[in-house]
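Read the structure below first, then the notes.
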Amino acid sequence: MSGPDLLFYFFATLSLGGGLLMVFSRHPVSAALFMIVSLVGVASLFVLLDAFFLAILQVLVYAGAVMVLFLFIIMLLDVGPSGAKASKVKLLSGVAGLISVGLLVVLLLDLGLGSMDCSECSAENCDACGESAAFAWPEIRDETAANGNSLIFSPSVKAFGFGLLAKYMLPLQVAGFLLLAAMVGVIILSKKSTAEGEG
Amino acid sequence: MISKGKTDQVTINLDGQDVEVPAGMNLVDAVALHGKEIPHYCYHPQLSVAGNCRMCLIEMGTPMRDRGTGEAILEEDGSPKIGWVPKPVIGCGTNVSPGMHVKTESEMVTGCREGIMEFLLVNHPLDCPICDQAGECRLQEFATDYGRGYSRYKERKNVKPKRTRLGPRVTLDDERCILCSRCIRFSQEVAKDDVLGFVDRGSFSTLTCFPGKELANNYSLNTVDICPVGALTSTDFRFKMRVWFLKETLSICPESSAGCNTLVSSREGEIHRIAPRRNDAVNDSWMTDSGRALYKQVKSDDRLKTPLVDREESTMEDALHSTVNALQGKSVGVVGSCNSTVEEQYLLNRLAKEAKAKKYLRGHFGEDDGILLSADRTPNLRGALITGLASSYPTEHLSSLAQALKKDRLETLIVVGEDLIDSKVDAELLSGVQIIYLGTHENATSNLARVVIPTLTSFEKSGSFVNRGFFLQGFQQAVPGPAGLLPDVSVLARLINELTGEGESSSDIDSIWKDMARSSTSPLKGLSFSDCKKDGIQLDGSKWADLAFVEKKALHYQPNAKPKDG
Amino acid sequence: MAKTVVLERKPLSLSERTYLPQIVTGLKTTFSNMFKEKVTLQYPEEKPQLPQNYRGVPTLVKDPNGREKCVSCQLCEFVCPPKAIRITPGSVPEDEEDREHVEKAPQEFEINMLRCIYCGYCQEVCPEEAIFLLDEYSSSGYTREEMINNKAKLYELGGTLPDKHYKWDKKKDAEEEGNAH
Amino acid sequence: MEFDSEMLQQLGLKALFALLMVSAVMTMAGYSVLAERKVSAWMQGRVGPNRTVLPFVEHIPFIGPFLKGLGIFQPLADGLKFLFKEEIVPGHVNKVYYYMAPLVALVPALTTMTVLPFGEYFDEAGNSSPLILANLEVGILFIFAVSSLGVYGIVLAGWSSNSKYPFLGGIRSSAQMISYELAMGLSLLPIFLWVSVPGSEDSALSLVGIVNSQNDGAWLLIVQPVSALIFLVALFAETNRLPFDMPESETDLVGGFHTEYGSFKFGIFFVAEYAHIVVGSAIFTTIFLGGWHFLPWIADPWPATWIGTLLGIGWFLAKTVCLIFFFIWIRWTIPRFRYDQVMNLGWTKLLPLALVNLIVYVLLVTWLDQPPSVTP
């Protein structure tokens, strides 16, 4: 087993283990912290794939900002282990669990079947198929990056820039608009509830 | 106690105001009735008048009468003309008469007082930091109240011996003496032991004992109390504690059935001295020296401090438990004590009833000195009669108990404070008996006892005693008892509650009194503890008039005296 | 009634509202302070100049003949606001000729320096001028017990003070003067 | 990426460098503490630490007493004191997180410096390459990402202490960090715009690129004063320095998040705070003060040899030290903000200002970058 492999397994275990522990930990604060561990693990996996930008964004946005807010809220509400326990809706969680397991099975089947079929790989990097898939990313080439049409996924910042602001401009704007709408909705909802509470 | 009864009242004019005072009363006392003060050193209401300190000088006058006709001479406005005595007179040597005019605040009186104070202080040493009297010293008080505030005396003060031994308990500081002669009069008139006198003249004048005699009678410390300055000091209390630190508690002397009223002075839980408290119906202002020394038993070495079960140190809970076990279903005897308070005797009587026990009571007797040490050396024998703990007059020896033990009828014996061995009960007889001993000090019986529950001395608890004149007198707790101990009433109440299985009996003195006062036949009917705390209550003792009380005629006591009307 | 004058508060200018000029002024002040002379005292090496009426640790003093002045009148114990003073009174033995006329002296005299507040009431109240708050200010110890100054310690701290009153010699003087009785 | 011998060698070298840098930053942090105490003392007319001395140094004439008076050995004594103090753990804390928090606080502070260029190295041909542990293309983002993790140390400490004051400190701190991170990030966007050359493949997110853009030209502080100001203020907030002393605020929170901490655990927090300051100063130097380059518009006067390397590093350190002094200076000049003032400043002043600044520079750069007048 080579060094990167070792690292891969280590970080994979970290992210998976963190995720599992997050699900099973009783205390919300522990859960949040395990989630951070999991996120950092995933970011490390990105690093192994040379996707520094993505890794850093993962840490910056999710681990650094979103989870701080989570913790902030958990602490402010002072949710203890009992609080987490009490919010159990058996039927709903059963259904959710069922769907999750179903999705997992489908995903695994797809992955298993997909890896059999080598023809789906892009032709020029076929030899890199299999174990060393990490190095199978295409080189960034100026032409492809510049015209932005046949954009290949690349870890470079520029590629992200082009992807987001040229090719996927519309989806980006739509997603941004949706988020804005959601935020406005949240503000209105929370405002309304406090107004009622006061009234 | 100044009687305010239906004696004749006369009207005198006190500083321009007409006031009513009992006829024939000493002017110093009469003025005090109306909130004014005539300062005095040598005068003492319970001693003869000597009139040698001159501090009580006042202006006095009587309505003038015509020598011939004896008719009153009137002023022009019709009021009687007052013939003022041209020189000041001593207040203590004057008894009130109708129409008398008195000035206690005039310029002449003030001048007299200032002059007298200055003279008294001429040779008085500046000893206050050392003097035990400081804080309750008449010289200090009157010097600030009536003195001129400074001295014009520039010469050297006389120096006299500082510690002359007058007797085993009294030390004289000659420098401080102002020659008021209170101590001399007390020895002559109250203690009937004429040993003190003045010798020499002028500034050499000195208090001393007659040759070959000393102030050794059992009342010698009263001279220290009545000494208005710090000249006579108690050898025991000398230099021990400054009086302003002392907390004073009203108490009753447990020495004998005389029931002297006392003040117990303590600081931080330690008693430093005991002094008499004035009660004109019981002890005037006196008490015995031996009674003053009783506080020493509080800290004595043979004091019981921890409960013992089978001679092992134990807890109060265990001791009470073992006691209840020893009482239940056994034939029980109770030996009560005349040293217990009325409340304790009442509870003990109830306990005896609950345990269906036979009751025994022992008396302690000695010589009667005819003043304040009575032949009955227990403070509360009459309390035992009243509460029903004893039906007959107790004897020195518990022969009936010995007989009962001989017949082997008793399995358990509750003993309160008494020593059975000392009372002609053989230790062999006690061998098969479980003894529960409640007491303050070790004795031969406590050493035999299976359970020892230490109790508190009369200085450490509240309660009441009935004295030889059937005076019910309450007393207060002066100092806290040893850590972990319960008052006797609490112990007894607990035992009663455990025996009956009901939580009825309260150890609170007021509720005990409520119970006691309920009985219609008892002399205690309708009384409460707060009633008897201050001056004492005369109880109806006619029920027991036939008993052979051992006390002889003494101060304020007539043997077999019929109780006076309320 | 005093007339209330309402002062108009001037609106802040733009530069004032950014606070930056003020911050710069503040920085200037602190910076200039760095080079001013230091005011601190290097304590164990340099001792402070105590004023004449400094109130340090309370001590007991002896008279010029080296005799105990305190007569344990306990006025200081009485007046002490934090109850730091504890005196066990005692008498001077009769055979001690030198101190015969005073009779009383403390058996034990304790001042709890953990309680003492250096108010000086004890010195103020002392009728014998036996207790003084002298210039000793450094009092330390490793245990609570060490911080209770006993009689020996108090006399060691206080030493002897010049004094006009020779109360011990009263008897001797009287014998010389002829007013002894 | 097999682990062959060359890689191992490289790894070993990197580890050595990393160790060197950690010790350098820690030493600087330690001496920042001393500087803080000394400067505060001087500003208040006091002397500051002047007692600690090593036994043998004391006897060197002149130098010994001078060093002693300067308090040079004080950080040593402080460190020892923290090590040997009694280790007290209050009974009510959540043990695991309680022990974890100081480490979580220190690690990000030390990790950020891996992407920090602090000098340049000249090979024989005179070509320069930066002295840096990991020359990341997105270095500045890495710094943001890692330093944003630093807040967990404080939040965890506050929460796990299970007591009121630390908890308030933790809450305040997290709110403050989130608020100022936004302004901080926004303030840097104009920098990227300014530095990146149109058409270039190099990312302007590289710190080396930013430093080199200031060589022989204007410092970014001069070009972008508003950005620099916002960044500086946000830096104060992120390092929890006065006047943004929210999590500690000993006046109302008796020490805030580290109230329940003692001995070495507290020491770690303490060092972490100063490590933050050191690294923060270094970052500011890198971005706005031209890094190791000499003065604005003046080419580096030192030769392109190892001497030049050393002088460059020294120059960089000098700038950093000056900034650290500025940090201390500000602390002893400006009183602490109230919590609401901090929030107000962050959200309603700095954030809009950063946005406006960004828009202005977007327009400016667009105008400047028009094809006829392409900047070289």
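When the chains are written out, they are named A, B, C and D in that same order, and each has its own residue count from 1.
We adopt the following convention: contacts are C-beta pairs under 8 Å (C-beta built on N, C-alpha and C of every residue); 3 or more make two chains touch, one makes a residue touch a chain.
Since the model is a prediction, treat every value here as computed from it, not as a measurement.
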Checklist line | Innermost chain by mean C-alpha position | finding: C
Check: Going by the average position of its CA atoms, which chain sits the greatest distance from chain A?
Finding: B
Next item on the list: List the centre-to-centre spacing of chain A and chain C in whole Å, with centres computed as mean CA coordinates.
Entry: 73
Item checked: Inter-chain centre distance, chain A versus chain B - centres from mean C-alpha coordinates, in Å -> 95
Margin query: Based only on mean CA positions, could you tell me how far chain C sits from chain D in angstrom?
Written below: 51
Next item on the list: Report the inter-chain centroid distance for chain B and chain C in whole angstrom, where each centroid is the mean of the CA atoms.
Entry: 45
Item checked: chain B residues counted as touching two or more neighbouring chains -> none
Check: Out of chain D, which residues touch more than one other chain, so two or more?
Finding: none
Margin query: How are the chains arranged in terms of who touches whom: line, ring, star, complete or other?
Written below: line
Note to self: So which chains actually touch one another? I want all the pairs, not just one.
What the structure shows: A-D, B-C, C-D
Checklist line | Interface residues, chain D side, partner chain C - complex | finding: 39, 42-47, 50, 329-330, 332-334
Margin query: Considering only the defined contacts, which chain C positions touch chain B in the complex?
Written below: 71-75, 77-78, 89-91, 94, 100-104, 127-128, 170-171, 173-175, 177, 179-181
Next item on the list: Would you mind writing out the residues of chain D in touch with chain A in their complex?
Entry: 1-3, 97, 136-138, 141-142, 144-146, 148-149, 151-152, 155-156, 159, 167, 170-171, 174-175, 177-178, 181, 201, 203, 205
Note to self: Taking the touch rule as given, give the residues of chain A at its contact with chain D in the complex, in rising order.
What the structure shows: 2-4, 29, 33, 36, 52-53, 56-57, 59-60, 63-65, 68-69, 71-72, 75-76, 142, 156-158
Notebook entry, point to check: Hey, which residues of chain C end up touching chain D in the complex?
Noted result: 23, 26-27, 29-31, 33-40, 42
